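The following pair of complexes shares a single chain, chain A, combined with chain B in the former and chain C in the latter.
Showing the complex of A and B:
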């Protein structure tokens, strides 16, 4: 209980400290209620993807196809919205995202190769599929459907997604087994857990949440243009960073909460750097350093009792 | 037994590869050449490239970024039309903006029998390597969309018989012109969104903007680089709107269009399209609607005719035009659109059924059909391309 409070204080302290640093530097530019509300909305997208990624990462697996999945799902959703309106948009994004998760899970199991390699290969394939589907055209979502990317709809969808993630992690057999596999896979297997099955489920959940992210992404920015040559990789990093923060604090704080706080900190840093007129290339450096500090601090805290992340 | 058969097959394949590898032109040199040994690359190249004999079919290679971007599709459509009009062959290789694919793409195009290759390179250092490859295949390399800024590389290229020249926009001028438009619209506080640091186009165009802003006393309130995706465009614009209420203009310097669409989405959501002047480069597919709605206020683009002129330069060089045996540099201007009416005209005259150059006009730009064509005429034709120019030339075709 004491550790739980300490960790929560550390996480919230980081949040407040980040806010204060930038607010002191730029009191007129940074930190108004309006800008914080915008930042909150911005952090919802990577937070949802990070929740999905958490189910994979907690088992020691990796999914590099998240960015490509977002592009493919968003593109299909945008195309389907032309034919089927809101239904096509929502179902298209979530269904394609989930199907990509199913494909990732089964192919990972079938080929018995490390998840990093499998998902890098699949990422390239998904990028090509998206480019082929788009056929060189850029798809822009019709204005009437973009409402889902704005408050309050984006917040409602995100809250539902977070609630689902929390429920699965805390109250379902899937969440418990996934956690058990992450802690000690051979032991979980000996206890009768069907490890292969739950690994596939982990990928499917990752795909499902990525699909929701894709839905909000296309509604938020109104377009997604397919890329090739692993350029979708850059979309992976913000969710991955949030997920690492979630993983670092998972012993004491619900990972979904730490993911949201982590992503909010990242959004504040990006905005803070901008308002201070600093070079935007610094963003990734600072975010990378902060991530290392947080994870290293949590590693030190848990020294001797730390779990192995494979 | 199966293992033995497999072993024999693999041994034969290995031997075969070795034989082919040893007999191919020495390519390892090209892999190790850097921009600093550009001079050395030229020193070994004393002979000039022989033009194609009469009646021999000409084949030009095009090394470009991809097949999917609207800009890529427009340029391909124009070049395909030129190849058809000139009855020559064309082969494409996509480099996906990846450095290593530029040189390997050029090598593959020459290996497949191209007499010359036009390339949109991603870095200047690739040109000396490309010239080494061209030397091995006795071909020529021409650039499009790109120029050479490093003196050493430029000198080496322009003194090489394997370098044909470059057709590019004067990005500095484009940035300056767009900055002037911002001033003409009465704006005083500008936010900037740009593509990657190190990207020559982004850097040079940005310099042009800054020159104009300095000259006209426009204040840059914020700038953010490395903005490529739609979400990033939306996020940065939202942050600008929240942090800089005095901002009255937003410049999306470049980046292929996705970041611009994201920025437009943020302005629409915040209902700020009437309050903030938005200017950018690289025409969107929805240019007319965006101009009509007032989301976009000015755009430059339509520069997909650069590769067409690079292609024509390569064709004329291979066909034996004397003036095209030395490197030719052509700086073109973009098409500027500042109203919905102009956007409609661009769509009608550039992207309609009739391209900016008809088959007859293309033939008049080649020495095989127009032997009296001079270098000055060729350059003048390229540099006179504008909306007005096409409307005047094709006025009778539309009737």
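Showing the complex of A and C:
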């Protein structure tokens, strides 16, 4: 498989090139082994969420509520940890995340409207639910639980999440059917696949992985502050980017691998821009341009047919 | 040997919207036979087999498989009953491996404790692929890496690995190379030798006669005749059944006169389009039906576009001598009364997801407007007038065009141009995919229009309709005019084919 090698080389080449660009620009402040390790830990968060989003995006669907889900799940987990300790923290985050996925899936089916619109509406609602629950306060996770956000625990949790995602994609009927629906929905339906069921499953999986991301998020940052007015959108950005990269390479590289590499590249770019001291307006402009370039490049790769999102 | 019935249909019918695609068809296929299903385009062949194989639901009627009532819910359910199909189009799913495609829907064969054993799956796929000698196909590869033909071969394995009782082969041969066909024939005989039955749909009548034990003829959704194949039966006999006797009557034009006395309304001089058309010189007369025939790739479809100013890279001139206009763009063509109905009706001729009203009014906005405003009332009156004139079968003029049958869609296209009162109509494959009744009404309309002094260019791949309708017939081959025949000289199929190839 020449193409397989080519794609891997391209992906790793991108990784090295990104590193070199910023290292040459800021040899003293960017790219030490230590800072790379920090970046690696940073990119675990969006990588896990991107693995979940992959199941939705593969079917041509979208989920804009990932950020709101992270905030809501993290908040509930934080609250539950007060009473139930580690169990409340871990189960709370994953359970709430998954339940949000269930709600997304069923309401998408029920509304019969494009998933982008359905999940934007739901995002606003989840943000509000989190605000009600918090009652205007921010919640801080107790010191002793934050250990899950530190090495090696965060890495262990992430590896387990990646393994689950890979397993589902590769070795279950769900993985096969989700791919089939994404490629040719009418045909899959005709072959006896219950398309609605697997769309709901896709959203549930997305919620499940988002829940794991929420768990690590609260352990990393220790504080959760509910936001409103679609501010949670900014948390959607990196998982979505990584997922696009995963999809772009899916023919040749296991999507979980390319998602992780993609997220690492994004983390380097963001931190590289920051170490170069660009002001935040310029930073955001550059990030926006990068998003467009990656998606457009994906479109070119597929001979002008960018994957359609319904 | 007494013959046992494998599958029997009883008054099987299928309706799509207002179109009756299949009307109360009853026929049976015996065990161990190869059964040919033939008929013109739109006669309902594929619709019937799609019902048998669970792709379409049945509107009314029943099916019996080995005497048991048979109601497949989907293709997979049909497979479980031992019925499978190889379709015309590509039917493998990209992003899945060869093995995943072959066993799609039957993963439980390889699931151990909820986990798919890919190794076992690939191994089994390898075995089945080897049976047919497809050793170049690797079960673990994504199907995207294979050619159309190889993917068809994968479908052959997918459709037969479970030893089906009934295999349907829907016009697969035309898409395959010689080797691919041989593989397919081998497979069909293999199924038969094991006691299974095969239904073959094909336009290649010679192939049908060679391959099949019996034949069923369909026309316009109705069952015409079923009979065993004997040495006496010829291709012509089959054609006669397919077209039907009444067609030789009032179906086409009855006169044998070439009406080319009218003045020249369109003239093409030295038209060249690189790689497609060379040195085309042609004149169209008032009141004439000018036929243009040839093979699909002969350049005839492009010639139609040239007449409508829709190609950009041409040299030479297309002019309307009476109006002293040279056509260089679609805009001038429309403004000077040239109309064009594309072969690709749904993509180029209509706005599918818009109402009949929007479609009919689109090219006549300049006529409908008063001082820059368009009155909805006038639009409705205009649409009603022409849709009624064309006898479009519809609920009302606000219905979306996507809900209409092929024939009615074509009527909407024609209504649009008649509304503009176009003098020259360039019709590319006007009866493509249209049932016999609507065909007849389109032929009738064409004659009516020429009587009113309009001129028609009819581009068609169907030789019979060209013979039946044209005053004059121009045959194209490789972008050049190879022959010009007049109606009164007597047109025959052989003569025309001679110029085509």
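Just a few scattered comments:
Just so it is clear, the second predicted complex is superposed on the first by the 281 of 310 C-alpha atoms of A that agree within 3 Å, B and C clash if a C-alpha of one lies under 4 Å from a C-alpha of the other, contacts with A are read in each partner's own complex, and residues count from 1 in each chain.
The rule we apply is simple: a residue touches a chain if its C-beta (ideal position, glycine included) is under 8 Å from a C-beta of that chain, and two chains touch if they have at least 3 such contacts.
Predicted model, so just to flag it, every value in this text is computed and none were measured.
Superposition of the two structures on chain A leaves chain B and chain C fitting side by side, clash-free.
When the two complexes are overlaid on their common chain A, residue A:173 makes contact with chain C while staying clear of chain B. Of the two partner chains, neither chain B nor chain C is touched by A:66. Contact with chain C, but none with chain B, is seen for A:182 once the two complexes are overlaid on the shared chain.
By the document's definition of touching, neither partner reaches A:165: not chain B, not chain C.
Of the two partner chains, chain C is the only one touched by A:251; chain B is not. Once the two structures are overlaid, the count of chain A residues touched is higher for B than for its counterpart among chain B and chain C.
Of the two partner chains placed by superposition, only chain C is touched by A:193; chain B is not. In the superposed three-chain arrangement, the CA centre of chain A forms the vertex of an angle with the CA centres of chain B and chain C, and that angle is 120 degrees when rounded to a multiple of 10.
Minimum Cα separation between chain B and chain C in the superposed model: 19 Å.
Touching of chain A by both chain B and chain C, each in its own complex, is seen for no residue at all. Chain A makes touch with chain C in their complex at residues 167, 170-173, 176, 179-180, 182-184, 187-193, 250-251. The residues of chain B lying in touch with chain A in their complex are 66-70, 72-73, 96-98, 101, 197, 222-231, 233-236, 238-240, 242-244, 256-258, 261-262, 264-265, 268-269, 284-286. Against chain B, the residues of chain A that register as touching in their complex are 26, 29-30, 32, 34-35, 38-39, 42, 45, 131, 134-138, 140, 143, 146, 149-150, 217, 220-226, 228-229, 234-235, 270-271, 274-275, 277, 279-281, 283.
By the touch criterion stated above, chain C contacts chain A in their complex at residues 54-55, 73-77, 91, 93-96, 100, 104-105, 107, 111, 114-116, 118, 142, 144.
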